[in-house]
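Before any comments, here is the structure.
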Amino acid sequence: MTSFPLSRRLVSEALGASLLVTTVVGSGMMADRLTTDAALALLANTLPTGAILIVLIIVLGPISGAHFNPVVSLAFTLRRELTAMSALGYIVAQILGGIAGTFLAHAMFELPLLQASTTIRSGGAQWLAEVTATFGLVFVILAGRRFRTDAVSWLVGLYITAAYWFSASTSFANPAVAIARALTNTFAGIRPVDLPGFIVAEVLGALLAVLLVSWLLMEASDPQPLAETETAP
Amino acid sequence: MTSFPLSRRLVSEALGASLLVTTVVGSGMMADRLTTDAALALLANTLPTGAILIVLIIVLGPISGAHFNPVVSLAFTLRRELTAMSALGYIVAQILGGIAGTFLAHAMFELPLLQASTTIRSGGAQWLAEVTATFGLVFVILAGRRFRTDAVSWLVGLYITAAYWFSASTSFANPAVAIARALTNTFAGIRPVDLPGFIVAEVLGALLAVLLVSWLLMEASDPQPLAETETAP
Amino acid sequence: MTSFPLSRRLVSEALGASLLVTTVVGSGMMADRLTTDAALALLANTLPTGAILIVLIIVLGPISGAHFNPVVSLAFTLRRELTAMSALGYIVAQILGGIAGTFLAHAMFELPLLQASTTIRSGGAQWLAEVTATFGLVFVILAGRRFRTDAVSWLVGLYITAAYWFSASTSFANPAVAIARALTNTFAGIRPVDLPGFIVAEVLGALLAVLLVSWLLMEASDPQPLAETETAP
Amino acid sequence: MTSFPLSRRLVSEALGASLLVTTVVGSGMMADRLTTDAALALLANTLPTGAILIVLIIVLGPISGAHFNPVVSLAFTLRRELTAMSALGYIVAQILGGIAGTFLAHAMFELPLLQASTTIRSGGAQWLAEVTATFGLVFVILAGRRFRTDAVSWLVGLYITAAYWFSASTSFANPAVAIARALTNTFAGIRPVDLPGFIVAEVLGALLAVLLVSWLLMEASDPQPLAETETAP
C-alpha cells in the first residue's frame, strides 16, 4: 500500500507510461533505420522494452504501483485493491503519458509530432494473440505479487520479452500503449481503426486472468485484501 | 512442499507446459517469418524460451513445483519427493498442456491446428546431445534446489539459453515438449517418428543426473527427505 | 557512506570510468569489424555496455559510490551527499580514467592511440535525446537508491540498455565518457566540436531529474541526509 | 569454506570446466553453421557462455568454489585461501575437464574428436587484450566476494559477456579453456603454438588483479583470512 498523495501517484503513472512508450516507439524507429532485417529490428525493439519495464517498475512501483496499463488498473479495481475513482485517474494519466511518449520519440528522431499509423493489425488471429498476451501479463502480475513481490518487475520485463515473440501481434497487451502507438506511423504503429479490436481483446484477456487467479490461488483467508496496494516493491 | 490440492497442481502443470510450448513454437514461427538468417532465428527462439521459463517457474512453482517436464517429475519421484500417482497425473497434464500450446500457437499465426512435423532429428549425435542437455538440466535443478532454492527459476532459464546453442539438437530436454513439437511443421518441429529416440535419450540423461547428484551432494543426513516438494519457490 | 580514503576512491572512479569506456569503444570496434549491419553493431555495443555497468557498480560501488559520471557526482553534490571538493576530484578522475580507457581500447585493437572523431552528433534533436537520456539515468539512480539500494547496479545497466535504443543519440548521458569518445575515430566516436552541446544537454537533464525527485519523493523527514554516500551497495 | 571432500571437489571442477568448454566450443560451432555474419556468431557465442557461467558457479560453487580456471585457483592460493596441493589438483582437473568438454562438443556435432586449431591468435595487441581481460575477471571475482558474495556468479557471467566484445582477443582469460580450445579447429579455436603467449598474459593479468585488490580493499583487519574458501555461494 503506497502512502504517496494521489497527485504524485498520477505523475508517476504518466511518467512511467511516457518512458515506456518512448522506448517502444523510439527503439522501433532506431532499429528500423539501422537494419533491413525484420527479426533483428524486433529483437532491438524487444530487449529495450523488457529492460525499461524492469527499471520503471522498480523505481516507480513504490509511488503508484507502476501499472502504466489500464487493464492492470482494472484488474486491481476488480480485486478491490484500487478504488474506481483512483483507477479512472490512473487510466487518464496512463493515456496522456503514453501520447506524450510518442511525441517525445518523434521529436528526438526529427519526425512530425502528430502522425497516424497505417499499419494494419486486425482479425481474429491478432485478437486471439492479444487475449493470450494480456491474459499472461495480468496472470503473471497477480501471481507474482502473491509469491514473490520483489520479483514482479523482472517477471513483467521477462514476460514481455517472451510475448513480443510468441504472440502473432507482438503483444501490445496495454490499451494506453496501443493508443499511443496509433499515433506513430513507424515500426511500432497500429492503425487507429484497429484500436477497438485490440482494446476489447486486452480487456478480455485481463478478465480471464483475474478469474483464473481467483480460483487457482484461492485460500481460506486471503492475505492481501487491502485497498490501494502496489504492483511492485 | 506445496499445500495446493492436486486438481489445481495439475492445472498449474498443464498451464505452464502450454505457455512454454506456445513460446517455443510461436517464437520459432515469428522468427522464421521475419528473417532468413538461421542463427538470428535461433537467437529469437532462445531468448523468449529462457525468459518464459524464469517467469513460469516463479509464478507456478509455489503451486505445483513447476516441473512442466516428465523427466523432472520422474527425477523427483526417484528421489521420493513425489508419489508415483502424482507423477503420473503431472505427466499427463504436461503432455496435454504442451499439445494445447502448439494448437494455440498455430491459431495465433493462422495455421492449420493439426500438423505433423517433417523435420528430421535423429542419429547418435543428436541422441548424445539430448542425453547431455537433459543431464545438465536435471543436475542444475537438483543441485540448485539444494544450494539456492530462490534461484532455480533463473538457473533453468539461463541453462536452457546455453543449451539451445551448445547441444547439436538445440536441447529439447523435455518429452512433453518434444511430443508437442512433433505436432507442428514449423521452425521448432521434430518428426513424430524421431520422438522415441529423443525421449529415451532424455530419460537416460535424467537418470545420470540423479545418480551423479546422489553421490556428489551426499551428506550424512540429507536435509530434504520430504515428499511432494517443489522445484522453485 | 563509504569509509575508504579519498585516494582509493579516486582510483576506483578512474578505474571504473576506464573499463566502462574500454567496453563502449572496444565493443563498438569489434562489432564494426565483424558485421556490416548497423543494428547488429549497436546491439553488440549495447549488451556489453549494460553488462559491464552492472559489474562495475557492484564491485566499485562500496569503495567510491561508482559514479563514473560527472553529472552523477554533480547530482550527489546538489543533494549534499558529496562535498564540492570530493566532486571535483571525482570528475577529474573520471575524465582521466575515461581517456585512458580509449587509449587501452586502441592499443588492444592495434590502432593509433591518439585520434579525434569525425562523427557528427549535433542539433536540437540530438540534444533533446541527451537531455532525456540523462534525465532518465539520474532519476533512476536517485529513485533506485531510495527504494532498492541493492538493485541500483541492475537499474543502471538495464536503463542504459534501453536508452541506447530509445534515444536518437544512443544515450551518451555522461560527459566523461563523451570526452573519451571524442578521442576515437571509430564506431562510438563524437566530434570534439560537438562535445559542448552534449555536455550542456547532459547537465540539464541531470538538473531536471534532481528537481523532479526532490518533489516526487519528498517526505516529512528525509531518511538519507548524510554526506558522501554511495550510489550502489 | 567448503566442507566437501577433495575427490568431489575435483569432480566438480572437472565437470564445470567441461560444461563451460562444451558451451564455448559448441555454441561457436552452432553459430558458425547457421550464419555467415561474424558479429552474430560472436553474439551467439557470448550469450550462452555468460549464461552457463552463472549457472555453473551457482550450482558447483558450494562444492569446489567453482574456479574452473587455473589463474583463479592461483589467485586464491596467493591469497592463502587454497593450499598449493589443492590448487595443483584443481588445475589438473580443470585442464582434463576442459579437454573432455571439447571432445563432447565434437561428438555432438559429428566432428573428429581429435583436432588441432589453425586459428592464429598472437602478437602484442592480443596479449595486451588477454592481460586486460584476465585482470578484470580476477579483480571482479576478488572484489565481488568481498562485497556481494551472492552475486559473484552474475558478476562473472556479465563480465565475460562484456569482455568477449571489448577485448580484441575475445577474452579467453582462462588457461584451461585456452588449452581445450587449442584442440578444436572450429570457431572458438586457437593454434596450439599460440598457447604460451596467452597463458603468460593471463597469469600476468591475474597477478596484477591480486596486487591491486590487496591495496584497494586493504583493511585494518581482513575479514576473510580463512583457507579453502569458495568463489561463489
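Residue numbering begins at 1 within each chain, and the chains themselves are lettered A, B, C and D in the order written.
Operating definition for what follows: contacts are C-beta pairs under 8 Å (C-beta built on N, C-alpha and C of every residue); 3 or more make two chains touch, one makes a residue touch a chain.
Chain by chain, the UniProt names read as follows: A, B, C, D = Glycerol uptake facilitator-like aquaporin.
Everything quoted here is computed from the prediction, not taken from an experiment.
K.L.:
Where the contacts of chain B and chain C overlap, which chains show up?
P.N.:
Chains in contact with chain B as well as chain C: A, D.
K.L.:
So which chain is the furthest away from chain B, centre to centre on CA atoms?
P.N.:
Taking each chain's C-alpha mean as its centre, the farthest from chain B is C.
K.L.:
Through what angle, to the nearest 5 degrees, does chain A rotate to match chain C on its C-alpha atoms?
P.N.:
90
K.L.:
Report, in whole Å, the distance between the mean C-alpha point of chain B and the mean C-alpha point of chain D.
P.N.:
About 28 Å separates the centre of chain B from that of chain D.
K.L.:
Which positions in chain D touch two or more other chains at once?
P.N.:
Residue numbers touching two or more other chains: 37, 40, 43.
K.L.:
If we use the touch criterion from the header, which chain pairs count as touching?
P.N.:
The list of touching pairs comes to A-B, A-C, B-D, C-D.
K.L.:
Please give the residue numbers of chain B that touch chain D in the complex, ascending.
P.N.:
37-40, 42-43, 46-47, 50, 125, 128-129, 132, 136, 139-140, 143-144, 146-148, 151, 154-155, 158-159, 161-169, 215-217
K.L.:
Residues of chain D touching chain B in their complex?
P.N.:
8, 11-12, 19, 22-23, 25-27, 30-31, 34-35, 37, 40-41, 43-45, 47-49, 51-52, 54-55, 58-63, 104-105, 107-110, 157, 233
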